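These are the structures in question, set out in turn.
In what follows, chain A forms one complex with chain B and a second complex with chain C.
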Partner chain A sequence: MHQTNSKLRFRTKSVLTGWSFVLLAVILIFVFYFYPMLQALILSFQTGTGSNLTFTGFDNYSRLLSDKTFIVSVKNTFIYLLVQVPLMIILALFISVLLNDSKLRFKGFFRTAIFLPCVTSLVAYSVVFKYLFSGNGLVNTMLLKLHLVSAPIEWITDPFWAKITIIIAITWRWTGYNMIFYLSALQNIDHSIYEAAKIDGASSTRQFFGITVPLLKPIILFTSITSTIGTLQLFDEVMNITKGGPGNATQTISQYIYNLSFKYAADFGYAATVSYSIVIMIALLSVIQFKVAGDKNG
Partner chain B sequence: MKKGFALVLICLLLLTACSSNSGSKNSGNTAADTGKTENTTATEPAQAKEITIWAWDPAFNIAALEVAKAEYAKTNPDVKINIVEYAQADIIQKLNTGLNSGTTKGLPNIVLIEDYRSQSFLQSYKDSFYDLSSSIKGTDFADYKSGPTSLDGKQYGIPFDSGVTGLYLRTDYLEQAGYKLADLQDIDWKQYIEIGKAVKEKTGKALITLDPNDLGLIRVMIQSAGEWYLKEDGKTPNIAGNAPLKEAFETYKELTESNVAKVHADWSQFVAALNSGDVASVPTGNWITPSITAEASQSGKWGIAPLPKLTVNKSVHASNLGGSSWYVMNVDGKETAADFMAKTFGSNVEMYQKLLTDIGVIGTFKAAAGGEAYSQANEFFSGQKIVSDFAAWTEQIPSVNYGINTYAIEDILIVEMQNYLNGKDIDSVLSDAQAQAESQIK
Partner chain C sequence: MAKSKRFFMYLFLSIAAFVSIFPFLWMVVSSTNQSVDVTRGRLLPGTHLMENLRKLLDTTDLQVSLMNSAKISITTTLLALLIASLAGYGFEVFRSRSKDIVFNILLLSMMIPFAALMIPLYRMFGQISNVFPWMGIDTMTSVILPTVTTAFLIFFFRQSTKMFPKELLEAGRMDGLSELGIFLRIYLPTMKTTYAAGAIITFMSSWNNYLWPLIVLQTPQTKTMPLLISTLGSGYAPDYGMIMIAIVIGTIPTALVFFVMQKHFVAGMIGSVK
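Showing the complex of A and B:
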């Protein structure tokens, strides 16, 4: 009896000691992560401008479904997602395989050059893109000089071309980032596998699809999930290049949240509701991606 | 074990302290804050030694503040005035987050707010702004300014920048097309477009430059007829069945379809279009004057005519675009801030002359318009007395209630405008916009 009692006391003590080690981290996580999330959730059930908020239950959520601007923003965001993410991932994969070639010279230079966009400031590069693609900007001037177009393309003020501009911009910015992941993964693939394949007479294309892609699958999954999350939160580029225009042709969900909070009469309750819609979408998409691309680890 | 338990207790205590504090912020923040400020003012002397002001535009608003600061220092040398420049968007964000968080720390004593947005701040954060009714008289300023700057009969803002509009014209282009400035004195927008076609034909220059994301021109047109996106209550959307708005939309479409308009995407492209001589006219607020005169080589080539009007009955040759006013925040130092404003922008006729000659600011203080600087000829505009013209138009600007949703409605209208330009019927354009505005504004 006495023995079990002391055993129990010892166990409690070790559990408490363990907890006291992680307690600070747990508290900080609760205060700075879960508490704001909970507050935002509570906020999403309130309406009113500024600090005149009243609880209105699910009003904001039902408003969301009939809100044309929100639906357009979601549509735009998904266009970016469906066009840009696959484009960028294929491009990153392609470039990383090229740069992984043992015969390539000045490897370091090329890798740095392609990774460099990722370390530039989001706002700075957006502003540069805005000027490059403006009516009389460098891109139009070049296209005109090369006689590829007869009149300047309205990159920023035409609904279709504005979307293309945004896609070009984010591809430029993020391809190098994903490339780095593929490069490091490629270096972990044992070279003897390729040698064996070569001996068996497999072409480079066959090697790429038969060895490289399957072995990179976890990394492809990882990059596609992070890119999806990034695209769903897309804000800086759109805000700085097109301001969501023309009309709301390039507006993203994040920019709509900004507009609701700061451009219009501060409606923080509804803005929180829209934010939660992104949370739900990201959760759903990540689950789907795990199901489709994930293996037993997923 | 005792130590561990104590640690848990302390942390729990901290956690509850954090949450209860922020909980009270949400429930009764303004009451708590006003209580706090009253307490401190009771113990401290009423005059603060230091006040902070937020504003945007160094060439215009900040420059005006510097003049006022120097003026105030003559009688109150011991008050330190900090002028902080932020972009307008940053000020809006900082104000909204600051006021919403319930803490007045980090907020300025005086802030500049655009007239279109002022009601949204005054109504959303009641008691956060200081009632200036005893410091200045609203009736001392242009009448159309009283709507944006007052609430429930109390005067909260010191009306400042007028935003009165005029039609800036390249007289040399007009002459090539066979017109004189005098021919544009009393025209409507249709005649304006006809003149534009002639100018385009003779000189190849566009009449106007438009930003598809900015319906400022529509705002100018409807205010000239005494109408707004909202009814007089400032709440009910007034889009379907709004005759001036319909005519404004039709005029806008005619401008784009008659091939006299050029497109720009942002402010720098807009100013570039004026300075490079690509456009023959700019119907906009008087605040554009410094940007136009910045291109010294065009001196003598510009003139200013009254704004064209709509054909609907009430429309006049005067309107407003933008314009902003000063607001004193209900925080420590408010008395000093109010005193500063009352002695400078609220009463100092001499200072307004200086503002005009040094910076080109046309204020809305009625008494200032009688001053000497207002009747001086401007060499850049071929000796035209542009300020006395603007001052006269300021008096005619119809007063409208901007309400709190100008930009929310405008974003709906921008999309519908694109639909209209692509061939959608005008009546369904306006009724669709009305329906959407009604569902969004509650």
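Showing the complex of A and C:
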């Protein structure tokens, strides 16, 4: 009796010690992630300015569907997503395969150079890009001098080119980041697989699609999900390069939420509804990406 | 055939490397030139570095912003490492079914977009401001608290703890060390590289954070470097040389951290997916 009691006390004590190690982190994540998440959900059913909010049911959600600015922001965000994420992933994969070549020289230099953009703050590089791509900026000057264009391109002020500028900027910043993940995964692939393929006469293109891509699938899935989540929340670049303009041509959903809450008449309820649209999109797209990757595995 | 393939390989990588480095070179070169020369596309270093710096010091609170960024980033990093490593250690060493469930719930927070959190968080800190002004809106605390604990960092420490030799744990218990003592005296020194990688990741994201500070920091005295750079860049008659020196100064800390601890940084990023 006495012995089981002390055993029990020892077990309880060890369980308590275990929980005490993780407690602070658990509390902080619940207070600063899950609780606000719930608050945002409640807010999304309320309308009013500032803190004068009243429950109005699904009013905000029906407003969402007829809100032209919201629809434009969603469209813009999806253009970035559909063009930039595949472009960046393919580019990163391609570079990492080249860098993984055992005979390649200056490997360290290339890797460091291509990874370098990741050390800049989104704001700092955005400002640099804004000036590089301005009407009389360096990019236009160079293009004119090389006679590649006859008139300067309106990188920032034309709705089409402004989107291209944003896409170029994000690709510059994040390609190296994704490349590192692929490089590390490539280093774990057994070289003899490639040797065998070579003996069988497989071209390097076939080796790439037949060996590299399938083996890297989990990492490609990981990077495409993180890039999707990142792109759906795009804010810093657009805010600092184009301010969302011209008109609303480059505005993203995050920027619209910011404007609704802190620039216009502080419509927190509706802004929360818009923010939930991102939550829903992330959930849906992640499920789709898991499904697509899963199907090809099976 | 093979030779031309090699050639294109090097050509492609050289272009990629050049495109990656060029904006840095341009930013550094431009910080030594006058505004007019920057707009004219001058690519050679000039002699106006000190002048640009003086203008920056005269027209902005550069030192204040630098200090704010340093204080926030260092505090965030230290607290984040402590909280996340305790949790990662706890989840792995004192593993149980219920803890695994909690851990998986924590991981879900990685899927929550910040856009959905910012309004409720802003209102939360607004309410705190009424009771404890020292930790409400426009304070360092309001910037640090929501970003100090990430499921990502906890996950990172838990993964690394899997490599921690369990014999050391037993040895510590035999020696009569308390559980916290084992953590502080054995685990912490053994896992130095993990802490280094975690520190770099946290420091960089904290130093570069923009949206949340933009919302909660409202007076010039609390501005951080990204906020300062952002306001400099939005003027109608920007002084390019001066803005470039501000960007260079704002980039130096993270670039230094990156170069000094490059290996750990890459290891850290990769450790996060393995």
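Following the convention adopted for this analysis, the second predicted complex is superposed on the first by the 268 of 298 C-alpha atoms of A that agree within 3 Å, B and C clash if a C-alpha of one lies under 4 Å from a C-alpha of the other, contacts with A are read in each partner's own complex, and residues count from 1 in each chain.
By our rule, a residue touches a chain if its C-beta (ideal position, glycine included) is under 8 Å from a C-beta of that chain, and two chains touch if they have at least 3 such contacts.
Quick caveat: nothing in here was measured; it's all calculated off a predicted structure.
Within the superposed three-chain model, A:S150 lies out of touch with both chain B and chain C [touch as defined at top].
Comparing chain B with chain C, more residues of chain A are touched by C. Contact with chain B, but none with chain C, is seen for A:P159 once the two complexes are overlaid on the shared chain. Applying the stated contact rule after C-alpha superposition, one finds that A:S192 touches neither chain B nor chain C. By the touch criterion defined above, A:G247 reaches chain B but does not reach chain C. When both complexes are overlaid on chain A, the residue A:I278 reaches chain C alone and has no touch with chain B. Of the two partner chains placed around the shared chain by superposition, chain B is the only one that A:G135 touches, whereas chain C remains out of contact.
Of the two partner chains placed by superposition, chain B and chain C are both touched by A:T17. After overlaying the two complexes on the shared chain, residue contacts for A:K263 are found with chain B alone; chain C is out of touch.
When the two complexes are overlaid on their common chain A, residue A:K68 makes contact with chain B while staying clear of chain C.
Chain A residues in contact with chain B (one complex) as well as with chain C (other complex) are 17, 19-20, 24, 35, 39, 51, 130, 243, 261-262, 268. Of all residues in chain C, only 9, 12-13, 16-17, 19-21, 23-24, 26-27, 38-39, 41, 83-84, 86-87, 89-91, 93-94, 96, 99, 102, 106, 109, 111-124, 145-146, 148-149, 151, 154, 179, 183, 204, 207-208, 210-211, 215, 225-227, 229-230, 232-234, 238, 240, 243-244, 247, 250-251, 254-255, 257-258, 262, 266, 269-270, 273 touch chain A in the complex they form.
The touching residues of chain B, counted against chain A in their complex, run 1, 3-5, 7-8, 11, 14-15, 18-19, 22, 26, 29-30, 89, 92-93, 96, 99-100, 102, 120-121, 123-126, 212-213, 263-266, 269, 404-405, 407-408, 411-412, 414-415, 417-418, 436, 439-440, 442. If you check the complex, the residues on chain A that touch chain C are 14-15, 17-22, 24-26, 28-29, 32-37, 39-40, 43, 51, 95, 98-99, 101, 104, 109-110, 112-132, 136-138, 141-142, 172, 176-177, 180-181, 184, 219, 222, 229, 232-233, 235-236, 239-240, 243, 253-254, 257-258, 261-262, 268, 271-272, 275-276, 278-279, 282-283, 286. Residues of chain A touching chain B in their complex: 12-13, 16-17, 19-20, 23-24, 27, 30-31, 35, 39, 47, 49-53, 63, 66-69, 72, 130, 134-135, 154, 156-157, 159, 243, 245-248, 259, 261-266, 268.
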